[in-house]
Structures are given as C-alpha cells and as structure tokens.
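There are two complexes below, and they share chain A, which is joined by chain B in the first and by chain C in the second.
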Partner chain A sequence: MKELLNELLMEDKTLIHVPFGNGFFDIYTSVVVTWIIMAVVIVLVLVLTSNLKVHNISRRQAALESAVIWLRGAVGSMLGEEAAAYTDYIVTVLVFIALSNMVGLFGFTPPTMDLNVTLALSIMSIVLVEAAGIITKGTKGWLKSFAQPMAAIAFMNVLELLIRPLSLCMRLFGNILGATVIMELAKSVVPVLFPAALSLYFDLFDGAIQAYVFCFLTSLYIKEAVE
Partner chain B sequence: MLNISIFNIVCTILNLLILYWVFRKFLFGRVDAILERRREEVDDANKAADKAIEEARATKKEYEEKISLADEEKQQILADIKKQGYDEYDRIIADAQKKSQEIITEARHNAETEADRTREIYAAELKEMVIDAATKIAATKHSSAEDSNLYDKFIDEAVANKNG
Partner chain C sequence: MNLTAIGAAIAAFTGIGAGIGIGLATSKATDAVARQPEADGKIMKLLLLGCALAEATAIYGFVIAIMIILFS
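Take a look at the complex of A and B:
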C-alpha cells in the first residue's frame, strides 16, 4: 500500500530532460501526454470539419453538428445568456479534461493526475472568471464587487480568489489520483475482470463527471462574476 | 507527483490556449459557418414563400374584383334585356290597342254606312208608298169619309210595312 502510493506520488514525472536550466525546463509526462491528446483531437477536428456541406450532409457531419450543438447547449445553459461568450472556452476545457481523464483507457497516465495540469486549468479558470467580471463591470465595478453584499466580508471575497482555483485544482487532481490508486489496489487484489469493470466506472464515468464538475463550477463562477 | 513546475504549468496553459484556438477556428468556426449558411438559406426560402403567398393574395384579390365587375356587368345586361323586353311588350300592347281602335272605328263606320243605306231604302219605299197612295187617291172620287178611311188604311199599311 505504502509502496504503491510512493510509486504513484513520488515517481519521477520527467519525461524529457532538458540539459540546461537545472531541471527547470524539464518536460513532464503529463505535458507530453497532453500533446498526444491535442494532436489526436486536432487531427480529428480537422478531419471531421473538412468538406462540410450545407445540403445533403453526411452522417459524419450530422453527428458532428449535433455534438457541437449539444455541447454548446449544455455549457451555454450553465453559463446563462450574459456569459454566453465564454461558451467556446468552457467546451474546450470540458473536452480536454474529459479526454485527459479517459486516456488511462489507452494505457497513458492521465495528465489530470499531475497537479501541474490541474493547477494550470484552475489558474486559467480564475483568470477567466475575474477577467469576465472586469470586462462586464469595469475595473471599478469589479473592485467594488468584493465588498458585496457587505464590506465586512471583503476579506472572504479576496480569499475566494485563492480558494476557488485551489478547490478546483485539488478536486480534479484528488479524484483522478484516488481513482488511479483504487484501480492499482484492485489490480493487485483481483487481477482479472474486476479491474475492467472498475475501469469502466473510474475512467469513463468518473472522468466525464469530473470534467463536468470542473466546467460547471467555472461556469457558475463566471455567471456570478458577470451578474 | 506533488512537486510544482512553473514551466510545465505554463506549457499546459499554452496547450490549452492552442487547443482553444483550434476549437474556435476550426470546429466552431466551420460548423457555425455551415449552420449560419443553412439558416440564411432557410430564411431566404421563408422570405420567398412569404412573397409568393403575398403575390397569390394579390392575384386572388384582383380576380375577385374582376369577378365582382363581371357580376355587375351581368346585372347590367340583365337589366338592359328586361328593359328591352318591357319596351317590346309596351310597343306590342300599344300596337294592339291601336289596331283594335281602328277595327272598332271601322266597324262603327261600316255600321253607320249600313244604317244609312237601310234608311235610304226605307225612305225610297216610303216615297213609293206615298206616291202609290197619292195616285190611288187621285184616281178615284171619294167622299171625305172614304178619304179618311183611305188615309187610315195607308197609315196602317205603312206601319205594318215598317214593323214587318
């Protein structure tokens, strides 16, 4: 058990070692896996969106269109009308996190199991949330919004700037790490069949749920910021 | 696993931004363009349909006007024909009245002529009788009583003649 955790948590994440910068520029496995995911997604998007037609559409295009409309509808309803401009980014994050969580199915380490990736995602989220607030209310209005609903809790509101991304980051990281730990344990206890069923739950279902939760919370924050 | 590398965080952020750009430019951009074009086509088709309906309505109105005009014309023609019929009727009646008047006049004239003729015949007969009587009286010598008898006889004969 302890060795397992040690193995998971303390393993050397460096995949590409850069000879200068004293390890600062070392590229982690998570980033490389992200590149792989990105490459696959970009190729897929380019292939799927090539040769789109207005009439007599192929099944491929029909599926693509309904998927895009569905994703946008789902995210758009979370964001509300005022923040509809941020739909595209949230959809991108949703797809990215979902795929990152599920990439374990293909034998890769999920990038979201690396704190750096979830940290990057949550930093992006909080920057977007505050930027949305500034764009909508103006810098003055945004600063004033910290004293809402009363000046006494301004400190809490400022603290939220840190708590929100931290909770986003840690929730995603913890869930995926926990899932992987349970998977590893299950594999060492029952090596056949059982891990496959668990993998179905943790990799697919939980992966999708965590992606949804992350996007839902970010959407909620943005919605709150633009109100 | 828990150590934090700023460089890798930056890398991930860049990755996200690149992915976002690709999604925006290719996935959403292309799909949106298609959806937009389709929407425009539907709008155009709707507009064309609306226009066609409008035109059809205008044509219908025009025809209805034409039909109502034809109705009026029909009424006019019917009225004209009726008037002509009445005129003809009046003319015929007037003709008939005129003719009957003529016939009556002629008949009256004929009757008068006939009466005149009859009267002439009577007069002639009377004349003959008077001459006859006068001759008879002149031929014989008579007493005044006989003359009186003769006159009575003559008058009786004349009356009988007239009645007979």
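Take a look at the complex of A and C:
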C-alpha cells in the first residue's frame, strides 16, 4: 500500500527539465497534460466554430449550438439572474475540470490529481467570488457584508475565506486521488475486465460529478456574494 | 506493533459520518420527490449539494489517512 501511495504521490513529478539561470526550471507532468487538454480544446473549438452561418445551418452547427445553450442554461440557472455575467467563466472551468478528470481514460495522469492544480483552481474561484462581491457592492458594502447576520460572527466569515478554497481544493483532489488508488488496487487484484467496468464509474461518472460539484459550489458562492 | 496502520484506520472512520449523512439526505429527497414530483429538479440540485458537502468529511479523512501513512 505504501509503495503504491509513494508511487502516486511522492515520485518525481517533473517531466521536462529546462535549464534556467543557475539551475533548472521544472515543468510538472500535470502542466504538460494540461497543455495537451488545452490544445485538444482549442483545436475542437476552431474546428467546430469555423464556417458558422445564420441560415441553413449544418448538423455540426446545430449540435454545437444546442450543447452551448444547454451548458449555459445549466450554469446560468445555478448562478441566477444577478450574476449571469459570470456564466462563461464557470462553463470554461466546468469543461476543463471534466476533461481533466476523464483524461485518465486515455492513459494520462489526471492533472487534478496534482494538489497544485486544484489549489490554483480553487484560489481562482475564491478571488472571483470576492471580486464579484466588491464589484456589485463596492468596497464598503463588501467589508460590511462580513458582519452580515450579526457582528459577533464576523470572524467566522473571515475564516470562510480560507475554508472555502481549502475544501474546494481538497474535495476535488481527494476524490480523484481516491478513485486512482482504488483503480490501481483493482488492477493489481483482477487485471482483466473488472477495471474497465470500474473505470466507467470512476473516470466518467465521478469525474463529471466532481466537475459539476466544483462549479456548483463556486456559482453558489458567487450568487451569495452578489446578493 | 505498527501503530500507523491503526491511526490510518481511525482516520477512515470519517466514512461513517459521511455515509449516514448521505443516506439521510437521500431518504428525505426521495420523500420530497414522492410528495411533489414536479419539484424534482430543485430537489436534485439541493441533494447533490448536500451530498457533496457530506462527502467532503470522508474525503478529509481519506487525505489525513494518506498523510499518516506517508509521513510517519
């Protein structure tokens, strides 16, 4: 068990050593996998959005439009009308996290299994939440909102600034790591067929659910901040 | 005797709380859908949120168990 965990967590995560100054500038595997995901998404976007028309649309465009409208509608209903301007960011994060969680299907290590990636995502979320609060209420209103229900629990609200990103980051990281550990254990016990069925649950279903939960919580916080 | 394994096992007890919490939430959600089938979209959303929050405790336990195994 300890060897497995060591292999998953403690191994050298560096993929590319770039000489930089006196030492090396290390690029982690998670960063490279993120680049691959970004490249795939960008190529998909360029291919799908080329040749868009207003009349006589192709089947590709119809499918694209219904997918975009569905995603925007799902996220927009979570955000509510007041925060609708943040829909596109949340949709982008949703697509990115869902693809990162499912990239294990193609034999890559999911980038979300690296604590640095999930930490960065959750810090982006909390900065956006607080910025949304400042933009809507102004700095004074934002500061006042810390003493909202009553002044006595202001320190709890300040503590939440730390707890929210921590729990967002740990939830995503722990889920993906747990799924990978269970998959590795299953592979060592029954190498044939059984891991494939398990991968259907852990890679596809759990990955999608975790991406949804991350975006759902972020939009809930934004909705709460702009109220 | 190796006490680290016992420590990790105790950390895994957080799963009990998460299981009870998710079970309660799901049973109430089923009740609510049975009473008001037209509100199932809203109920589903709240159920997912509740499950995610309840499950987080189990995940914390898991992360702590891993830390105990690795850094002892």
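Note that in this section the second predicted complex is superposed on the first by the 222 of 227 C-alpha atoms of A that agree within 3 Å, B and C clash if a C-alpha of one lies under 4 Å from a C-alpha of the other, contacts with A are read in each partner's own complex, and residues count from 1 in each chain.
Criterion: a residue touches a chain if its C-beta (ideal position, glycine included) is under 8 Å from a C-beta of that chain, and two chains touch if they have at least 3 such contacts.
These figures come from a predicted structure and were not determined experimentally.
**Student:** Once both complexes are superposed via chain A, do chain B and chain C end up clashing or fitting?
**Tutor:** fit
**Student:** So, does A:80 touch the first partner chain B, the second partner chain C, both, or neither?
**Tutor:** neither
**Student:** Would you mind checking which one, chain B or chain C, touches more residues on chain A?
**Tutor:** B
**Student:** For A:52 in the superposed arrangement: first (chain B), second (chain C), both or neither?
**Tutor:** first
**Student:** Once both structures sit on top of one another, what is the angle chain B-chain A-chain C taken between CA centres, to the nearest 10 degrees?
**Tutor:** 100
**Student:** Taking the superposition as given, does A:96 touch the first partner, chain B, the second, chain C, both, or neither?
**Tutor:** Once the two structures are laid over each other on A, A:96 reaches chain B alone.
**Student:** Considering only the touch criterion stated at the top, classify A:167 as touching first (chain B), second (chain C), both, or neither.
**Tutor:** In the superposed model, A:167 contacts chain C only, not chain B.
**Student:** Is A:88 touching anything from chain B or chain C once the two structures are fitted on A? First, second, both or neither.
**Tutor:** So A:88 only meets chain B here.
**Student:** Touch test for A:42: chain B only (first), chain C only (second), both, or neither?
**Tutor:** Only chain B; A:42 stays clear of chain C.
**Student:** Scan A:120 for contacts with chain B and chain C and give back first, second, both or neither.
**Tutor:** In the superposition, A:120 contacts chain B only.
**Student:** Can you give the closest approach of chain B to chain C, taken over C-alpha atoms and in whole Å, for the superposition?
**Tutor:** 9 Å.
**Student:** Shared contact residues on chain A, chain B side and chain C side combined as an intersection?
**Tutor:** Chain A residues touching both partners: 9-10, 177.
**Student:** For chain A, which residues count as touching chain B in their complex?
**Tutor:** So the residues of chain A touching chain B come out as 8-11, 13, 24-28, 30-31, 34-35, 38, 41-42, 45-46, 48-49, 52-54, 61, 64-65, 68-69, 88-89, 91-93, 95-96, 111, 113-117, 119-121, 123-124, 177.
**Student:** Help me check something: in the complex, which residues belonging to chain C touch chain A?
**Tutor:** Touch residues, chain C against chain A: 45, 48-49, 52, 55-56, 59-60, 62-63, 66, 69-70.
**Student:** Across the complex, what residues on chain A touch chain C?
**Tutor:** 1-2, 5-6, 9-10, 78, 167, 170-171, 173-175, 177-178, 209, 212-213, 216-217, 220
**Student:** Please name which positions on chain B make contact with chain A in the complex.
**Tutor:** 1-13, 15-16, 18-20, 22-24, 26-28, 30-31, 33-35, 37-38, 41
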